[in-house]
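Next, two complexes with chain A in common: one pairs it with chain B, the other with chain C.
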Partner chain A sequence: MSAQEMEKLKEALLDLNKAGVLEVVSATATTADLQAAKLAVEAIAGALQVVGKRFQEGEWFLDELVYSGEIAKQAMEKLSPILCDETQPTQGCVVIGTVFGDLHDLGKDIFINFATSAGFKVIDLGVNVSVEAFTKAVLEHQPVALGISCLLTPAAGGIPQVIQDLVEKGVRESLKIIVGGAALTEKFSLEVGADAFAPDAVTGTDIIRAWSEGQ
Partner chain B sequence: MNFKERILTTLNHEEPDQIPVMGLIMDPSTVSQVTGKSATNIVNFLDKPVLGKVAKGLVNTNWFWNRMYYGNFALAMESSIQLGFDANWSIYALMKLYEDPASTLGTAMHDAYGRVWEMGTNDRGDLSVDYSRALCPTEAEWEAWVDAKAPLFDQLVKNATGFHKKLADKYSHRIMPIGYAAPGIFENSWQAIGFVNFTKLVYENPEFVKRVVAFQTDLYLRYLEGVMDSGVEVVLGGDDLGQKTGPLMRPALIDKFFGESYRRVAELVHSRGRKFIFHSCGKIYQFLDMFIDWGFDGIITMEPTADMDLARVREQVGHKLALVGNLDVSHLLVRGSHKEVDQAVRDAIRAAGPGGGYILSAAHSHPYVDATRLQWMVEAAHEHGRYPLQG
Partner chain C sequence: MPQFVQVTLAPSNQTIQVPYGADLKEVLHRFGVEFPCGGRGRCGACRIKVIQGVLPLSQACASILSKEEIDAGWRFACRHRAEQDITFELGQREAPVLTEHGAFHVEARDGTAVVIDLGTTTLVAQLLDLQSGHVLAVETALNPQAVHGADLMTRVDYGLRASGREQLTQSIREKLGELIHGLIALAPSTMDPPGSVLLAGNTVMHHLFCGLDLSPLSQPPFESSQLAARQFTARELGWELPYDPEVAFLPCLGGFVGSDILAGILATQMHDSEELIGFVDLGTNGEIAIGNRHGIFCTSTAAGPAFEAGGIEMGMRAATGAIVEVEKDQEKEVLCHVLGGGQAQGVCGSGLVDAVATGLDLGFISPSGRLRNDHRPFHLKDAVSITQHDIRQLQLAKGAIAAGISILLKEANAGPSDLSAFYLAGAFGNYVKSESARRVGLLPFSQEQIQSAGNTSLHGLKTVIFSETRPDFDPVLEKVRHVSLASDGEFQETFIKKTSFPENERLKD
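Showing the complex of A and B:
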């Protein structure tokens, strides 16, 4: 993939031009060229960084964040047969869910889109996830990171319970935990034993990317 | 002045005798704290082999549903009166129980609009029923749903009218019932489809979205007529247009798809001589001028954790909108100290009280909003909210 094509892909995504994005990635997918596919992923990730910045600065709104994430997801689906070649490591696996008692899912889903587009395999446990279900998924998938979303103050007490259970099962040490959502603050998150708080999906993705690359 | 005069005077942007206080009481948890009575917890029954079957059958009958629903809200009204509120909101919903393997209990409520509501009990054993998923993610599913549910929509309007009337008849001499027509047009449009799908459709199939909005607008106007037929004098409409850091959707898009509908809502309410207050969570500064333009009389929520500052809102809208709410439900009304609650009430009154046009209330309700803190809030309003306001 040439620099020009990468730029075209990035621009199409930033124009929310789904047809334009899919045209470029479909052409890349038909070549089955792993290097080209990786460059396409790089272009998509670059565009999403810009999306995130625009969102953080209030220039773009949630619908644009969601829709760009959806376009990126579809683009990644087209590229995944090449990228999933067994010989190629992905960024790793992340388990994500919204804590027990909380059914808010928009923020979690946006984070999932961004993480998927950054090359992570994401196991989505959904909403209202019990302590046991979080632990079970961690034991089963051995993820790089566990992500917990929480928007309700009454549900926030569930986060230390999840962390405590992971400690008791002996898997906390080998795992990074990231939390996010409107009910949380960085102070609370660190106090209850999470490794990081993500104020938004882009920052969250940057954090898990740094963890994955630091491994 | 009695509670009703107090509310109506302030909504006309005149100074009443004292700052009115409104309750957003509906959660069984808060109600049981105040009254000592637990609301009917059908989740407990559903698990039992024989009783469960009977309970499921009963809940799906119109008379039992209405009876149970009214019973819960009557307790909420009693609690509000006991706590000393001048007004409390009342909301009606029509749902049916279905076997639903995708839900945590294997059984969930489906509402008339196409939402799934998960049932549960919190750690205090109180019932919770919350929106969890959409039943009509595609255009075809949505069309099929609204075709099939026509009789349910009629039932919904009829039941809601009866519900609000019964509450108004029973309680309006002791407290002002504020008829909450919720969820609103935006939420009824997206929540049956899901936010992500709805957003995709806004970009990829705007004609369908317009059809959905037109359908929901007509239904909502009928619903509003019903709420007003009950005799309530102030109507709330509910749509969350914001999230913690800003609008849920680009304001220009909201205006394009929903602006005309909101204008019709305000016109209808005004044609019946009533006031229309709009509930929206989140950071919504960018919608305030639109609210004025669409004809709304006031807004409720102004969530402090989403950076909504009462003084800033008042400065932006002047007395073109009445303001209701702003007391934090993340910390203050959950575990704040008496001093903190007192100070927050004083700050709110100082920011929005002068000239009337402010009703003190919590920013929202949830099961952990603490009745004692609500009581402190009312007491502080009585202590610091007498007009003419001091300093």
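Showing the complex of A and C:
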């Protein structure tokens, strides 16, 4: 894949031209050229960084954010047969879930899309996740970071319980905790012992990237 | 020219002093009078009959009212100002009619009754004459619980704390007791005190008023086993009223769908309609129902306060100085209508929807909601503008409602054009222009389908109060199915798409 083709792929994604993106990656996939596929992945990741920036600057909104993530996901699926053994995430592992008492997964799912594109291996625990399930997943996967989502005010009290259990099991020190969702504020998040508050999925991805690269 | 004039409402003889030249619409709004067309002199719902004093005939009245009506003293309140002492009757209280589809059958009985719309934000109580069906008095107040959280879930959270629920229960009972005493004081002394009190509200309001355990409403699956109608005596609630009337709260339909939706169904007569109809009550929460006599689907969705201009930088309620209407003229200049006619001080919910619709038409706002001019605020009038953030807030609110409607239509196996009518309830629903609501993608219905319905909670309560026998709600409840959006994966996808404006078609494959 030439620099020009990479630029074309990136532009198609930033134009939200799904057919254009899938055409380029399908052509790449048929050549079974591992190097080209890697470059395509690089172009997609680069485009998604621009998407994130546009979102943070207010240029784009949820619809474009989610749709671009969706296109990227489909493109990656086309490329995955060639990449097979090369899909080792470059950034380590993140465990994420929506705290018990809450069933919302919209923000969490956008975050997963962006974190995956940024090279993280993401373990999604789903919604209404218990204290025990969070701790079990942390012990099992030893992630760089744990993400907890919460959109309902009455469920927010579950977050300190999750953190407390991690302290008691002696694993709190070895990982970073990031929380986000409409029911939370930065002040609350830091008071209950989280390391960071994510105002949106894109900023959240930036934060865990900085953590991962800082290690 | 006097500085103040007296406005008196017959037959209750409530008198208020207002500044000379005050807009009668704003004066009467305080008495609970509704203006379905937004005070544009079109619908005639704010008819008043002058008994003492003179109101010069306005053009709108001359073109719509008959000669007999004009001679009898009928005028439209919204087209006049108070320029001398005046006494009049309110047409709206004489004929409590919702729409041409929903006139009440009043089974004449002795005595009076009170109906109360117990809203998350606003409380409205009316004293009714059971003989004539007239509204004798209206009292409104803010819900005193709102200091413990404007939105429902924050309120629930407070109610889960030690003594939190008792506090919330006590404060709402006390406030409503005050309103009822206020109604009795306003009523003509010849009228009997109320023999019964009937309330409607969402499920959280129901549980808090009745003093029930809130915890089932705070966690999945957000259902409660205590949804039934509840009866009290006034004394049990701490109300010292003559004859100790019975107080009843209508039954809830589900955890997030309360008797406000039941009242809306009764008001629009959806449960008896052969044709498919729908309604939405646009407040902090959007309550939506679509159906007919064969089945009704309903849901509620958290829209946030944008429709009430909450969280909007220059947002304000529809009062003097608020931009209530925005349109463009032929030269593509932006025209704003300011309530009271003076300097614009802010924008209300209907003005915000109008402004965004106009901004889209003029190309100032992109189909994705971006302000094209380098994110600089969209200037409306005087010092009032709307910002990028305001547009995003509206996109989230309208996305939630539009997605809710889309999911219910799908459940009903229907398209937007299959509905014979779609009713807009609530204050915002009264003021918003249907073409703007359609333009921003809030409602997928045509202007002919969209109709203002006023306060459907009160209308629904009145259908119960005025009916001959105590109605049996079970046949209605059996028709209703609650669609939970929280656990609906399709809702989230639809919501995201609906945050965009309609022409963003490329994203809708």
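A few notes on this one:
Throughout what follows, the second predicted complex is superposed on the first by the 187 of 215 C-alpha atoms of A that agree within 3 Å, B and C clash if a C-alpha of one lies under 4 Å from a C-alpha of the other, contacts with A are read in each partner's own complex, and residues count from 1 in each chain.
What we mean here is this: a residue touches a chain if its C-beta (ideal position, glycine included) is under 8 Å from a C-beta of that chain, and two chains touch if they have at least 3 such contacts.
Quantities reported herein were computed from a predicted structural model and do not represent experimental measurements.
On the shared subunit chain A, the superposed partners chain B and chain C overlap sterically.
Once the two complexes are overlaid on the shared chain, A:Ala133 sits clear of chain B and of chain C alike. In the superposed model, A:Thr153 makes contact with both chain B and chain C.
After overlaying the two complexes on the shared chain, residue contacts for A:Lys18 are found with chain B and with chain C alike. Look at A:Gly58: by the touch rule set out above, it reaches both chain B and chain C.
Of all the stretches 203-211, 239-247 or 329-337 given for chain C, the clashing one with respect to chain B is 203-211.
Applying the stated touch rule to the two superposed structures, the overlap between the chain B and chain C interfaces on chain A comprises residues 16, 18, 58, 60-64, 66-67, 101, 103, 106, 109, 128, 152-154, 183.
Here chain C touches chain A in the complex through residues 149, 153-154, 156-157, 160, 218-220, 368-370, 375, 388-389, 392, 395, 399, 486-487, 492, 495-497, 499-500, 504, 506-507, 509, going by the rule given at the top. Residues of chain B touching chain A in their complex: 104, 118, 120, 122, 128, 130-132, 195-196, 199-200, 202-204, 243-251, 253, 305-306, 329-331, 334, 366-368. On the side of chain A, the complex with chain C involves touching residues 16, 18, 58-64, 66-67, 100-106, 109, 128, 152-156, 183. For chain A in complex with chain B, the touching residues are 16, 18, 56, 58, 60-64, 66-67, 70, 101, 103, 106, 109, 127-128, 152-154, 182-183, 200.
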